């Protein structure tokens, strides 16, 4: 499989993990290892910035951290949070999340664009979480986003790729990597995104709340790889009629 | 992962391969190996029964053969073909396919039931290919079928699980393994079937006509395993609202 | 709109109503009138055969009755019930329903075919309720069915056309009218069936359990007519790109 | 049916028509009459502003005009076009369309919000065409939009409600009318939008390019009314099991 490249960094894994909702750090640590991910999002709010020790950061281990701005409601708050994260965690990578709506956690397109413009100027590697809006994704790319992270469905809903038709357009038009984020509730959803040509997926809830997070993390790892391999191997066309795979001449008359 | 058991045989792999449409025996052989399948269907018509040598059988190698009756149109023809296959290939395993319609290759429910009754009495391990009809599947089970093979979509259409609602009922009700056959056009479709609790899938066209059959076979192998692992690990519920994975208390006000 | 013809009878309405689940005969009567239906199914079991008076039959009024065999489990029982219905209600029209499964009420393909063969010979106008199985529908047509009644989804589920891909094939191949039965839960589902070229639809639960059965019956009447008119007027093709309906030359530069 | 109210105007019809793509003014005029619409969008570019006579405006007849800004690419151009339209056509109603992308004609969220803010201040009744983005719709409402017009699918694609999950959220949250615009390709799509609780739909391509625009316009009129009536009558719940509408006690044993 081809490597994924975001900003100047190469990744073997095309699966990004979120660190929310795990019932304990040990389970999270096992899931991270099983997933073979190289990038884990962490809500800045959850990091114990003043302390010497932080259970969650320890659980993430040596994998790269991707701080997110979950909890901010405006571009201004996002920029402030981003700078704090850079200071505290020593990384300029940032998952930008601005969702003022507490029920569906859907992102604000205008504030996200404004924050992206400013953060890109300030040297951040900005990875914005947005609606699957092809025009917005194009504008984020022009504003200097390192990738775009369109949603499949509301965060944590496990509904899958409800924005399929628009993800397809985004993938077709984007010059930066497309990471499908939110809504991916099963390995088949992750495989489907990769088969369409998405560059990566971000998964959290589906792994963290499953009956066996470690095994589920491995299942997602395999599904993402399977989907990518299928994309690289080119899938066959969809046909309206049947296409016999076995010969159709009558067995008896032949 | 739990083993699959059909009749008295245990399988490590839950992926059955079809041998049609490969552009040459070498490609098929490589795909079989990459898929790690333990069961390959072969159309009886394609086997060179009189000859000492058969390129296709050689390509299948040491994997178990599952002769199919593709080309027959009635129960009577199917029974005749089955007996010939048993004689020629030395196996009482049989994929029963009776599809009189040349355009969509959809199976005949009545002839399939009649043939299953008779073939089960004659000692065959009958694996009938049928519409995703829950009542028919139940009757085939009662008639002695070793598993049921409901279709996802017309053969070779690559359309995926168009019979989803009915596959779910079949899986819920069946006492014999459920193998989803026909229509699976991408690894994500295979993973989806496994996540729902299907016991196995049969894939042919999607691998054989892909740009790289060997790599695609490996992708299907991984997707089937991922889907099965997800099923065993229990997927989270689908929610209508968002479920925050990161904390939602305002970052700034906190 | 073209008339619908089943057997030798012409219908202005392409909406058949079921008479179950109404909370009282008055509501049913109002719904029948509002729907403008010309054919109402009645479960033979519910008819008070010995009595001089029958509230339900009175509620149906002057609309043609279509007795159904709901409750039978085999072809033999169905033939017996059909003959009783013919005797008691003075009609040789029959909706044939054989569903042994109490949970999903899905029809038995083999018993239904056997009963159709026999009832057609006995002079009944047989309208069999079946799975959306194109091969079975063809065989029912050959056996003398006056129409075929494939299901969209389990009875009363309101799920809509979950068998869409197969209904399309049935409509394409059938020489007798195709009446989509079961699962239609909203006027949009009925319109969709008609737009695809179905000849009629049967609706019961969606009207009977709605908050206002009379108004809902009128909504279905209009949706069925709208769908039929759209079919006759030919719908435009589905496009993958946008097709501007307004001119795209830049307003300002022009 | 309840009337639709946009700004201070009451409408009997919940179907808005577009005037593009008709092959001649006579066909358009007939379709407008058959649809019973009370509001017809007209691309400002197509109006022959300098002339005494305008075939298209004559064809629209006495129905209210809704000028649209199709062809503009920025908020600034949109404001300029809006003022010209107000001057030339004597109406402050405006369908705001800003779509810089010539292939999919998808709207720009940021420019649309900026233009809405300014046009609302200038006294326009602003009806913005946008992606089905719930947060954006909320911000447009706060900015003074008279309604929101989220898309179902790319303009002219006839694909239907591909944004279903998000339209549902928009309808749930909106304090101004929700008019589903773009992508509606069949009467069943229009009915579905209305059943969900959309306040109105805008249709153009599906009528204009159909084989019989006048008849198709009538079909849409009926489907919109049917969908609205179903919404007001309350649809039944969707069930995972069957719900018998006929009695299930065995016919024979009873």
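Order of writing sets the labels: A, B, C and D. Residues in every chain begin at 1.
One rule holds for everything that comes next: contacts are C-beta pairs under 8 Å (C-beta built on N, C-alpha and C of every residue); 3 or more make two chains touch, one makes a residue touch a chain.
For each chain, UniProt lists the protein as follows: A, B, C, D = Thiazole synthase.
The model shown is predicted, which means the values in this text are computed figures rather than measured ones.
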item: Of A-B and A-D, whichever chain pair has more C-beta contact pairs; value: A-B
item: A-B, A-D or C-D - pair sharing over half of the B-C contact pairs; value: A-D
item: Longest centre-to-centre distance from subunit A, chain (CA-based); value: C
item: Separation of subunit B from subunit D, taking each centre as the mean of its C-alpha atoms, in whole Å; value: 45
item: Inter-chain centre distance, subunit A versus subunit D - centres from mean C-alpha coordinates, in Å; value: 33
item: Where subunit C touches two or more other chains, by residue; value: 104, 106, 154, 159
item: Topology of the chain contact graph, where touching chains are joined (line, ring, star, complete, other); value: ring
item: Contact set on subunit A toward subunit B in their complex; value: 18, 20-21, 41, 43-46, 68-73, 77, 80-81, 97, 102-106, 154-159, 185-189, 191-192, 195, 204-206, 208-213, 215-216, 218-223, 225-227, 229-230, 232-252, 254
item: Touch list for subunit A against partner subunit D, complex; value: 99-101, 104, 106-110, 113, 131, 133-136, 138-139, 153-154, 159, 162-166, 169
